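Structures are listed in the sections that come next.
Two complexes, one shared chain (chain A), two partners (chain B, chain C).
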Partner chain A sequence: MNASVIDTTAKGAVETEGRDGRGEDDGTIGRSVKRQDLLEKATGHAKFAGDIVLPGMLHGKIKRSDVAHARIRRIDTSKALALPGVKAVLTHENVPRVLHYGSPHPRSASVTRDQYIFDNKVRYWGEGIAAVAAISEEIAEEALDLIEVEYEELPAVFTLDEATAADAPQVHDRGPGGNQVIDPIRVSRGDVDSGFAEADLILEGEFEFGRPTACYMEPNICVSQWDGNDKLTMWSSTQTAFMVRGILAEVLGVPLNRVRVLVDHMGGGFGAKQDLFQHEFLCALLARETRRPVRMEFSRKETFLGGRSRHPGTMYLKQGFRRDGTITARQARITLNTGAYGSHGPGVTTVGTTALTSLYRCNNVDLEGRCIYTNTPIAGAFRGYGVVQVYYGLDIQLDEAAEALGMDPVELKLRNAVREGDLAPSGHPIIGHGLEDCLRRGAEEVNWGPVRQATRNQDGVYRRGWGVGCEMHGSSAYPGIKEQGNATVKMNEDGTVTLLTGAAGLGTGAHTALAQIVAEELGVAFEDVSVVHGDTDIVPWDIGAFASHTTFMVGRAAQQAAADIRQQLLAQAALRLERDAADLAVRRGRIVAVDGSGSSLSVREAVSPTPGIPAAHLIANGTYTPTKSYSFAAHFVEVEVDTETGQIRVLQVVPVHEFGKVIHPVAAAGQIEGGIQQGIGHTLSEDYVVDTSNGRSLNAGFVDYKMPLAMDMPPIRTIMLETAPDPGGPFGAKGIGEDPIIAIGPAIANAVYDAIGVRFHCYPITPERVINALAGTD
Partner chain B sequence: MKRMITVTINGEEQELAVEPYRSLLDTLRVEAGLTGSKKGCNVGDCGACTVILDGRPVNSCLVLAAEVDNCDVRTIEGLQHAPDRVHALQDNFMQYGAAQCGFCTPGILIMGKALLDENPDPTEDEIRFALAGNICRCTGYTKIIEAIRHTARQLAEERQGVES
Partner chain C sequence: MKRVDYHEPTTLEEAVQLMTRYPDTASFFAGGTDLLVELREQTRRADHVVNLKRIPDLGMLTFDPRAGVHCGALVTVRTLENAPFIRAHYAGLWQAARELASIPVRERATLAGNVCRASPSADTLPPLIADQAVAHVYGPAGRRDVTLEDFFLGPGRTVLSHEEVLTGFSIPAPEPGTGKSYIKHGRRKAMELATVGVAVTLTLDGDSVRDLRIVLGAVAPTPIRAPEAEQVLIGKRPEPALIEQAAEAAIAGSRPISDVRSSADYRRRMVGVQTRRALQQALEAAR
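Let's turn to the complex of A and B:
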């Protein structure tokens, strides 16, 4: 029924703990059980934050600046306030002035404190400068136009070159100077000079990265309500409910138990919904001021202006190779444009820079990453977090080296592929040979040698090519953030199970995977486990859904809690069976003796009340503090280039992913296919463009910002390997969320080269760029 | 000035008071309390708000409520046959994992239904073409297309079963 394949043959099936010797078909892990969220979603009954309606609810709107860099000399809200139906207007003059982090990991090195709710300055075109609450959206919109603003314009910087020039105007008065958000990130191992001296071939190149954005389908939205006890309840479409709670409480000056953040279903995030956005503060403040619930929803245009993009930037990359293909040295200078605020810039710069220590092994590296402010929209977290950019250049340069050395790219990549025991970017030894397995399996699947041969000597208008791209990506944000996954598991007196988790449901199926892990560990049916999530007053604390860590980290915590419940359950059963708990096990929902002797009990009988024994109250917590594990992928891609129009079509993709253990094959394959869609997007067409003469956004909408849609998407034949399980993950599982968006980019660029013999060191590779390049080379 | 319209929504005739500028989407979501249809852009670019209006799929954010006086509207809430009996398309979207975040799903299901009503045996290209105006950012469309194709086959088998 499904085109994807799980292949465990490369090194045999994975041994996992906690199975109690049960047979293969007992388990729920590895089966595409019915996702618990899909019935609601398919019937239109799933409640998203935007579906919340409260009596007396007002509508909030944000006025956005139409200059890129200015001091606000005067802001007059009197006419807006006088408009009938307007209930409150906020500006920098009447909101709390608290310097706060944009991204919600206050205690990590990944973020920087450089934002106010409203400042008396604007730093990019489209930044919010005032907010209105009114009885209808239309009146709120009208009021925005009545707010008078007088700006004192300041010189602005829109490009990295302008921002890093010697006498550049400064976007912030903070940081180490030169518009840097933080001091440069420097990583060095070994000795690059001697590495280059040893090389038979040295390649260097400049790469340039566009500005793709997440374009989740649900625009940012929140609804706020203060109750009579001065407690705030906020429904928000966020990946990081507890972080939103934390920063809100800090800025509003209230304790954590007076802020409750709710998020049930959310319409995608892809990393970009893990900042604390201006509208979340403003919505809470407008609700407090008016004592009425306030709803604030971004328009699609605002998701561009007020949202977060991937970091555009540049990279200089130089590598040395021996004749046999061994990499002897690697040097890189990465410069990322974070826009007007730091957001995740420091984290993205760190993760991207350190990623270059690995993937293809190299003992001598000298890397530097810089993160630069400009007067442009804010770049933040987005699936692939800095790694998308650097591996694009790294993998393309490997492809170039293969040609220069007269080697096949797969052979060269295999020669240098990261291996078991190598130091990962996080500083941990790599587990398993995942990357090699992916390369070998993919090459075999597509019949690599012959299909490449078939693309030689083409001269028609349409030319085809094959390319391969590789990646590895960490599950969890360690060591940048010391993370913690938590879970609470309860067994009810009828034997059913409730899992409480703070992990957000972005749509990945994570809650179903967590329920599967609990069911597997406990030995009960998946259908007997339900999941409660999305309420900061009820569920255990959670850092947020990001860094491909939910199944890996929260999954492990859930597994621990379930193991604890199993012990409690066996103790209960021991009472009732009058046997030693150590002799008992749970199998298919029944408690039996390990040696098969004596009578058995259903789980329900073991916990429900019987004469003389009250109902059991079983509850357990699990907490897991992970380090990091790495997943791997190789993507094989066939493209066709129209040499007249410059149009590139992706004809097919064969992604091979290794991520330890596949918990839910359909959901996992769905992650891969969706990541590939977004990766094709940023590689070929998606670029949020800012006018470099005045900072205006030029394509803040779905017509001008071009994403791959149903007609553009190629067939995808997904292969999932389980050859390098991580003992730190539940049943060996590692993350999968971010990986698929990374390898597809260089795979396409390499395939385009194979087709037309032109190297692109940039994305997106637009038809215009193809035409210009072909004209230049013809 | 609000005006009254009479509209049949999911088989039930309703009288609604609507502002002249109110879109059908907002009317469904706010006045009729049917929040299944989603607002992804409000300008006709994403298809999350797709409903069937007098038998044809439309972006309800582009239709004024005042225009649907005396019309028939079918939304995602009216796709299932009964509270406990979902449409084959819905069932297959679940089976195939054709929904992830679910925000595009109501619009895509409605578009899929409109397609199969008109063309019971669409090719893969015809399905892709029908979905050209529906943005899904999560799935890469692979599983959506599998689910629609499988539904078409299933419905064809059911029809044959009835005939024979």
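Let's turn to the complex of A and C:
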């Protein structure tokens, strides 16, 4: 079994087992090459949107509401406009009134058209209601205070119970009623009634999910400039530059070739930067109004108020089991709180609900997912996209079932693990399944049986426990969105290669992986491939960097384009070598005969001009429209619980991931470690809290929203398997972006149960919740 | 950040004069780790900032086995953390210093600033009170000394008048047989505000407790002594049952609030647990 092992305790050492005897020189894939953006980032030359400074640039700021639900009766901007240095003020009275999607995916079932740039209504505390452009941030801020607003307050709903009560105040006039964003998502297979009738054991549980947020390092920011031809250029920290371009053009009423969106580098997004935000419209409008460049940057507080969180919510889950562990039926009712706007709520609800058809196979399912408006900040897309929530409950209930049936949880999960050919959540048969491999390998790695045995009969203050959690996640958003990955590859006349891609660089190392794929396919050195990205006027159209699909989908498109270039290159070489192109191949930068006969040429010699022969012009496009592939993981976790304070420490994590082909082991392990850090935070401490009496945000900032830091992180021994490559992915590769955040949560919850015998059906599992549960007061 | 007028006095007199000249709108500036953030976020208004760093001799940190520590107003938390005699003789303060914010913040933040900010959850306050530290103050009426125990009036409020400068602290030398501890109860290991803080300074006379001060942070508008808890142990052998009883008394003396960090009830429970643990740590160090 091929596996890369990365152990953070051993300073990132990579062990690669069973790699078919590949040597250092044998290609680029699977090697942790120096990241393509390493030097520019290390030296501070990499450009982020916030680095853009333009002559005459103004600063824009947003005034945010201090009520949760109200009609704006009057808004007076005269005093703000009179303040020296203020150049423009926008309100709902002078911006275009265009109803738009929160996230502009074309032909997408994921999102809802329910937003205006500014409305005459306020739907949550902290929503933007006016914007100012001034010669300095300070003056802009001062002007915000001078804007006078008179509200007619409306009754508000802050919780799911309030929003779904009969006669509840409605957050929107649209939708099917009852504060629903969309009609309930219903998935039904087989017959649950007969499934439950067959069961020897039936478990039911109510689960409750908190509101973690993405906390990307770089706050949302954009800079806008209109040129003399009335063309808009916008630098923005966005995962979806072409989507931003599209919706800006639509709302501003200009054609696509008059909007150019630039994203060089980003300080993270985690899915949450695939919406179109108020400030992006406002920045463009303020720049148009003032005829000057305008910069708008969120404060950290605004990344909470104006950003997107994961959906909080609830789930009722009922499953039937036979004595041998086989699952006979599964019924679930999921209710997600999308906040004041739909954003990705419909997509998250759909993906989360359908995810419950799988992971652990079950022929009889009856699932319902609802997405509900409340007068709270907006929940949207976020790494794990609805699956984090539902698999938390599903996996915990499997752990409960194992105990009730007297089985080991690993054994029970293996018995029910999804298999090749099973119907995936997307409705397609699964090609290759890695879940069993992950479970077996992890159990072996941590010595599962004995370590679990060692946690029996503890009575000290500090108690340890081991838990396991599983997950699977799709690469690409299919079938919610029919996606398309594009790449253009050019070969220069010295044999070097340029890849043009629209995929955003969130900081994941995606461009490095894409360059590796091109190098591998072409047979040239990684260092000979450079990447051009992040300019909608230059690079091929891209749907955006999300849904764990960049390496999988754009990687495949890049591979196709590179394969095309290789054919063109061999044709060139064939002329010069006077041989049939079909007999030639590219090996380590040289064009050689497949049978080793005759002379060879360097790639450079094949394309560079010689007297009488011009340089070869080699360019190719690749387009890939994938369906879906699934990656798998099992996380094994050891925790220690302080039974006097309720504090939970994660002592070690052994994540085992199967994702087809590891392109760059260190970058892939970085994704996994980062997902685990984020997941530990979400499971134990992170929760963006809204006061349910008035809708105010109580911890919109890092003083009281606590993520784990380096010192809080346990050692992680990451194992990456390549046992179920996907024929659709480049060299068999599947996605790894979202997977790592999913399994860690239930693994921790199950480990906590193993330590102290208390089940938590909620996250975050705060010390206070632990203490209350131990004291029996919860 | 809004414009401010910046002043660099070179004597204490000059600093006090500046503060007198701008009765409502001037702020002292030493480390700036609170001040600059508050100005930027507009939670504090100041038109004048009076930098103390040009005044000589405010940056001294000295230790004498008999006289104890003298710590000038400009001594940074990081300097304290790295001073061997702080670690050896003022273990509670040392522990508080090394858990305050982050290393970059501690490189700039001063002990005096942490004290003058008077946050109920400030880490260095409980051990300073437990160690009977005295604040040296200079003002229009000359010099005066105030014990730290009497220094705090409420969140952000101290006995200092607007014009007065805190010039430094004296902390008595520990008597033989003294053990100290500080436990910060928070949600993570660094960059954290205490949910509950407990400082203990305990002196043994043979097998029994001769002297004891227990100070609680983040459970009242100011750090507070827990005199009932102290009395449970003073003059007695610190048996586990008595320590438990002292912890219970500390709970009874605390007045925590509920907020987004914790409920009052959880804070009370943690006062009990961490007082017991702090007592055990101090006792171990004293033996």
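Everything that follows uses one rule, which is that the second predicted complex is superposed on the first by the 750 of 778 C-alpha atoms of A that agree within 3 Å, B and C clash if a C-alpha of one lies under 4 Å from a C-alpha of the other, contacts with A are read in each partner's own complex, and residues count from 1 in each chain.
Please note the rule applied: contacts are C-beta pairs under 8 Å (C-beta built on N, C-alpha and C of every residue); 3 or more make two chains touch, one makes a residue touch a chain.
Quick caveat: nothing in here was measured; it's all calculated off a predicted structure.
Novice: Does the superposition put A:509 against chain B (first), chain C (second), both, or neither?
Specialist: After superposing on A, A:509 lies in contact with chain B but is clear of chain C.
Novice: Taking the superposition as given, does A:711 touch the first partner, chain B, the second, chain C, both, or neither?
Specialist: A:711 sits against chain B and chain C alike.
Novice: Between chain B (first) and chain C (second), which does A:113 come into contact with in this model arrangement: first, second, both, or neither?
Specialist: Neither partner.
Novice: A:617 in the overlay: touching chain B, chain C, both, or neither? Say first, second, both or neither.
Specialist: neither
Novice: Touching A:768, do we find chain B (first), chain C (second), both, or neither?
Specialist: Only chain C; A:768 stays clear of chain B.
Novice: Check the residue A:703 against both partner chains and state whether it touches chain B (first), chain C (second), both, or neither.
Specialist: both
Novice: Is A:138 contacted by the first partner chain B, the second partner chain C, both or neither?
Specialist: both
Novice: Let me test your reading of the model: by the given contact rule, A:265 touches which partner, first (chain B), second (chain C), both or neither?
Specialist: Touch status of A:265: first partner only.
Novice: With both structures fitted on chain A, tell me whether chain B or chain C touches more of chain A's residues.
Specialist: B
Novice: Would you mind listing the overlap between the chain B footprint and the chain C footprint on chain A?
Specialist: In chain A, residues 138, 702-703, 709, 711 are touched by chain B and also by chain C.
Novice: Taking the complex as given, what residues does chain A use to touch chain C?
Specialist: 138, 141, 644-646, 685, 689, 698-699, 702-704, 706, 708-709, 711-712, 767-768, 771-772
Novice: In their complex, what parts of chain C are in touch with chain A?
Specialist: 1-3, 42, 185, 187-193, 260-263, 266, 269-270, 273-274
Novice: Within the complex, which stretch of chain B touches chain A?
Specialist: These residues of chain B touch chain A: 21, 29-30, 33-43, 45-46, 48, 75-77, 79-80, 86, 90-91, 93-97, 99-106, 109, 127-129, 131-132, 134-146, 150.
Novice: Would you pull the chain A residues touching chain B in the complex into a rising list?
Specialist: For this pair, the touching residues of chain A are 1-3, 32, 34-35, 37-48, 50-51, 53, 138, 214-219, 265-268, 270, 297, 299-300, 506-509, 666-667, 669-670, 673-678, 701-703, 707, 709-711, 713, 715-716.
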